[in-house]
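Note that chain A is present in both complexes that follow, paired respectively with chain B and with chain C.
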Partner chain A sequence: MKDVLRVENLTVEFKTEEGTFTAIEGVSFRLGEQRTLAIVGESGSGKSVTSLAIMQLLAENGRVTAGDIVLDGEHLLQLPPEQIQHRILGQQISMIFQEPMTALNPILTVGDQITEVLFEHQDISKRDARARAIDVLREVGIPSPEKRIKQYPHELSGGMRQRVMIAMGLVAQPKVMIADEPTTALDVTIEAQILDLLDTLKREFKTSILFVTHDLNVVADIADDVIVMYAGEIVERGSVLDVFEKPKHPYTRGLLEAMPTLSGTTGDLPTIPGVVPSIATRPAGCRFHNRCAFVHDRCRSESPAVHRVDEQDVRCHLFDPAITRESE
Partner chain B sequence: MNHRSSTGDILLDAREVTKEYRLGGAFFGARAATLTAVNRLTFSVRRGETLGVVGESGCGKSTLGRVLLRLEDPTSGSVAFEGEDIVRYDHRKLRALRKDMQFIFQDPYSSMNPKMTIRDIVLEPLDNYRKDLSVARKERLAGDLLEMVGLTRDMMRRYPHEFSGGQRQRVVIARGIALNPKFVVCDEVVSALDVSVQAQVINLLADLKQRLSLTYLFISHDLRVIRHVSDRVMVLYLGQIMELAPADELYEGPLHPYTRSLLGAISKGDPRNRQERVILRGEIPSPLNAPRGCPFATRCPIAEARCHEEKPPLVERSDGHAVSCWLV
Partner chain C sequence: MARYILKRLIQSIPVVFGITVLSFAIMKFAPGDPLANFIDPTISMEDIEASRAALGLNDPWYVQYAGWLSEVARGNLGYTYAGNHSIRALIAQRFPNTIILTLSAFVLSFAVGVPIGVMGAIRKNTRTDYGLTVFSLVGVSIPSFFFGLLVIYLFSILLGVFPSGGMVNMRARYTGFARTLDIAHHLILPAIVLSLSNIATVSRFTRSNMVDVLKEDYIRTARAKGLRRKAIIYKHAFRNALIPVITIFGLSIPFLFSGAYITESIFNWPGMGSLGIQAIQDREYGIVMALNLITASLVLLGNLTADVLYAVADPRIRH
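Entry: the complex of A and B
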């Protein structure tokens, strides 16, 4: 299978008054053609920093200090900013956000926001652009798109605004769409509609999706492959079936167990003790060691390498083949 | 929290509770509109139980919590607490009542004064109601409360910004139980928390309920959390009760088409079982423009002509399982 997006060893630092902090470190993954890859993690895991770094939308004090981002053969970090702006963003890779109201321009009509993406680099007439905008709005399930293109974002419901964002993200038929918590602010019945829509559009537009979320239930529904992030690192990677059915990393296992289920759980929920460390207080050794039920001496001092187990990758000393062999 | 109430006596009894808001005014000839946030709700809360209230945005669940505690006055209807109609209470009696009924908010940060120490935040209700207590006694009590919610005494001198989201939620819970209330309304108290911390707070609330013999009205949009914490569940849509039943019954045998749609719309959290998602079409009507008949009729997959004309009453179908639908 061809990789549309390849991220190698990505490291991002932020400079603050308190010093320089590494937000994400050594993040590597591949996104296959027409696949959906979910990045799942809690607050402070670095999942959003990863997607913003790929889009080159990091805040001013943030900087990619190492790594490579390869989109369909092009090394994005080596391209001049004007090329990124005119040829890549919105055209070959686009992003939709959690809060469409803040991501959409409140003083532009729906139609203008969508055609703006087309005018950015395509040689297209006003009339054709308008026709394309109406088409794409229809594709994302907006009723009477001829009327809607004249409306402003505040005239639409939350679900409709998210559909407009998706239309903007897709109108240039990008190779990759990054969706950052696109359903988190929506009601459950609307969330179901949007997830269903993304899945359909992925096939129609032949796009790959990088889906960033904190919600494992959404991951179960939409992803082909999953990356679990904790405190700025990838701790587990695998197919969605493998990660849900035989999670390897103690953190992944803890997360899956801590969720209340629909079939009814009684008594105390299993918990992961403690809290996610802030960027300034990440512990030495394995970053999860102070919350881990399987912690041993090595975890406190030595950062674990990534080990291949079955079809999964796990960053945990428990899966170090050298140790496993010793104990046999 | 799934302990059935053995006595079954009624702590709070709501009859035909309605809350309307007048929007707009007579300025420049603009017509005032009436928004009915809560529409003639009749139900009771049994001593010692957790009654879950679930619904999407605009269903009136937060307004209901505020009206039951008389943080807002109902437009009509009665609320009896321990047999006395508190809607008629004057300011003085209401003040005494506040000790027994507490509200725990969803956004701990905005419900705390950032300039107050944790000690002062936790003791705020005591300063109002227990002026008889000595400083030393209050100090000891603040420490006890912090320990009860899983924090430590030495955190008393610190400020809200020094705490994580989960810790702040614990502080707000400590404040909520400071006066030893009988009835606590929890409004989306775990919604903003990370999964690993959410489970800790759910367990804490269950533990406190048992130790302090509390009764909860637990408001959430999260169907999984509601299932886990509730003895009985009330499903609201556009300010009206669609279904009210013991939790197990509601989740295993939902009767109302809306409950069935809600449960069908959410992910099963199982990547092998993703095709069964039910997609409910359309959006929630504006409460300003609520349908005349059944509020759900505009989206209901089985609605008939009658549903659009006449509002169905809430009828008990079997022991303790009430539903408002013409067709079940």
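Entry: the complex of A and C
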């Protein structure tokens, strides 16, 4: 299968007054055509930084210091900013955000915010742009789009606004759409609708989706493949079926055990003790070692490599084929 | 919208009424009266007292106020104590001149202040930004009477490019377009002096709003859409940043009118400000009250305009 988006060894640093910190390190993944890849992790895991780095929307003090981002054969990090702005963003890769309340401009109409993507990147007449906007609004399930395009964001409900965001993201038919927690701010019934919608649209618009979330239920619902991030690194990568059925990394196992299920036993849900270390206090060795139930000496000093186990990639010493595996 | 404007206009009537009561009372409680200027050793205290009684100056202030109000309600602004001139005629002569000056300063404040603020925001923490910050700080700090003398010294005396005062060249007696040009030539220095601190306020305010707006999520959305920088700054950020600036729009009007008192005196500008200062010194109550009435109405009108502009600029408060 062809990869639309390939990220190799991506490393992002942030300069602050307290020094320079590495937010994500050695992040690599591939996104196949019309596939959905979920990046899952807690706050501070680096999942949002990863997506913003791909869009080149990092804050001013953030910088990609190593790695390669290849979108449909083009090395994005080697393109000048004008090319990124003019040819790539909005056109070949788009992004939708968590808060549809604040991510839409309050003083521009819905139609204006959708059509400006077309005017910026395509040679298109006003009438055609308007027709496209109405079409795409209908596609995302907004009733009477002819009326809606004249409305302002505050006149729409949260779910409707997220649909408008999706319409904006898809109107130029990009190859990849990044969705950064697009349903987190919505209530669950609307969330389910939006997830269904994204799945349908992915096929209709022949788009691949990079879906950033902290919610494993959402991952199970929408993604084909998943990468699990912890403290700036990918700790596990594989298909959703494999990772959910046979989680390898202790962190992934912990996350899945902490997930409530309908048929599950009553009583307290298990949790992972401790919290994600902040960017400045990441421990030496394996970054997860001080929360890990399987910790041993090597974890405290040596950073684990990525090992291929079955169809999954795991960053954990437990799966190092060079040592005898007593714990399994 | 028309109903809203009408409602606001009706609401302003008691406000204007309150302002006139207050300013009348304050003025009356201040020591001195119009006759203090006419004191002549050959006139006896009894005669002065008799004129005072004849003019009604011995009545309680609220009786005098009622008298003033009933005349004003009939459209009569009264006559001066000295010379018995029509106050309406005096003001009619001066009013347009003050409007020319304050309006120019108003336009200048925003035409210069807003771009400076935007430039500072998009070049945040660069030398340009720091330079503009220093300019603004100096602008708000420097008193206009000092700045006025400074520009007169520089541009009139040293360089000789602008006249030091007045509104027209008395000797030239220009007419038509030449007169307009002459007035404009005289207008430049006082308009700059009057607007300086307002330019500073407007630019600081615009800058901080613009800086805040540029951090908004919808700016990130606009960048994610691949819009060019100009579209992001002007279409998405600038219009949102301008909404709070409208507040300054309304506040500028009283600021400029009171500033005009000083500026007009420095530059001998024949407007209401210099008339007002003279009137206060002479205790010409009628003139002071007429000026208060006009200024208060303009300020209220300015605030109403600002509120209407809010609705125009921001669809969220349109209905």
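Criterion: the second predicted complex is superposed on the first by the 323 of 328 C-alpha atoms of A that agree within 3 Å, B and C clash if a C-alpha of one lies under 4 Å from a C-alpha of the other, contacts with A are read in each partner's own complex, and residues count from 1 in each chain.
Methods note: a contact is a pair of C-beta atoms (placed from the backbone, for glycine too) under 8 Å apart; a residue touches a chain by one contact, two chains touch by 3 or more.
Predicted model, so just to flag it, every value in this text is computed and none were measured.
When both complexes are overlaid on chain A, the residue A:Leu57 reaches chain C alone and has no touch with chain B. By the touch criterion stated above, A:Phe244 is placed in contact with chain B alone, chain C being left untouched.
Contacts of A:Asp72 after superposition on the shared chain: neither chain B nor chain C is touched. When both complexes are overlaid on chain A, the residue A:Asn105 reaches chain C alone and has no touch with chain B.
Judged by the number of chain A residues each one touches, B leads among chain B and chain C.
Touch criterion met: A:Gln85 reaches chain C, while chain B stays clear of it.
With both structures placed on the common chain, the touch criterion links A:Tyr152 to chain C but leaves chain B unconnected.
Against chain B, the residues of chain A that register as touching in their complex are 42-43, 157, 159-160, 187-193, 195-196, 214, 216-218, 220-221, 223, 240-241, 244, 254-255, 258-273, 275-276, 278, 291.
Of all residues in chain A, only 55, 57, 84-91, 94-95, 97, 99, 102-108, 116-117, 120-121, 152, 154, 165, 168 touch chain C in the complex they form. On the side of chain C, the complex with chain A involves touching residues 216-218, 220-229, 231, 235-236, 239-240, 243, 313-316.
For chain B in complex with chain A, the residues that touch the partner chain are 2, 56-57, 164-167, 194-200, 202-203, 206, 221, 223-225, 227-228, 247-248, 251, 261-263, 265-272, 274, 277-281, 283-284.
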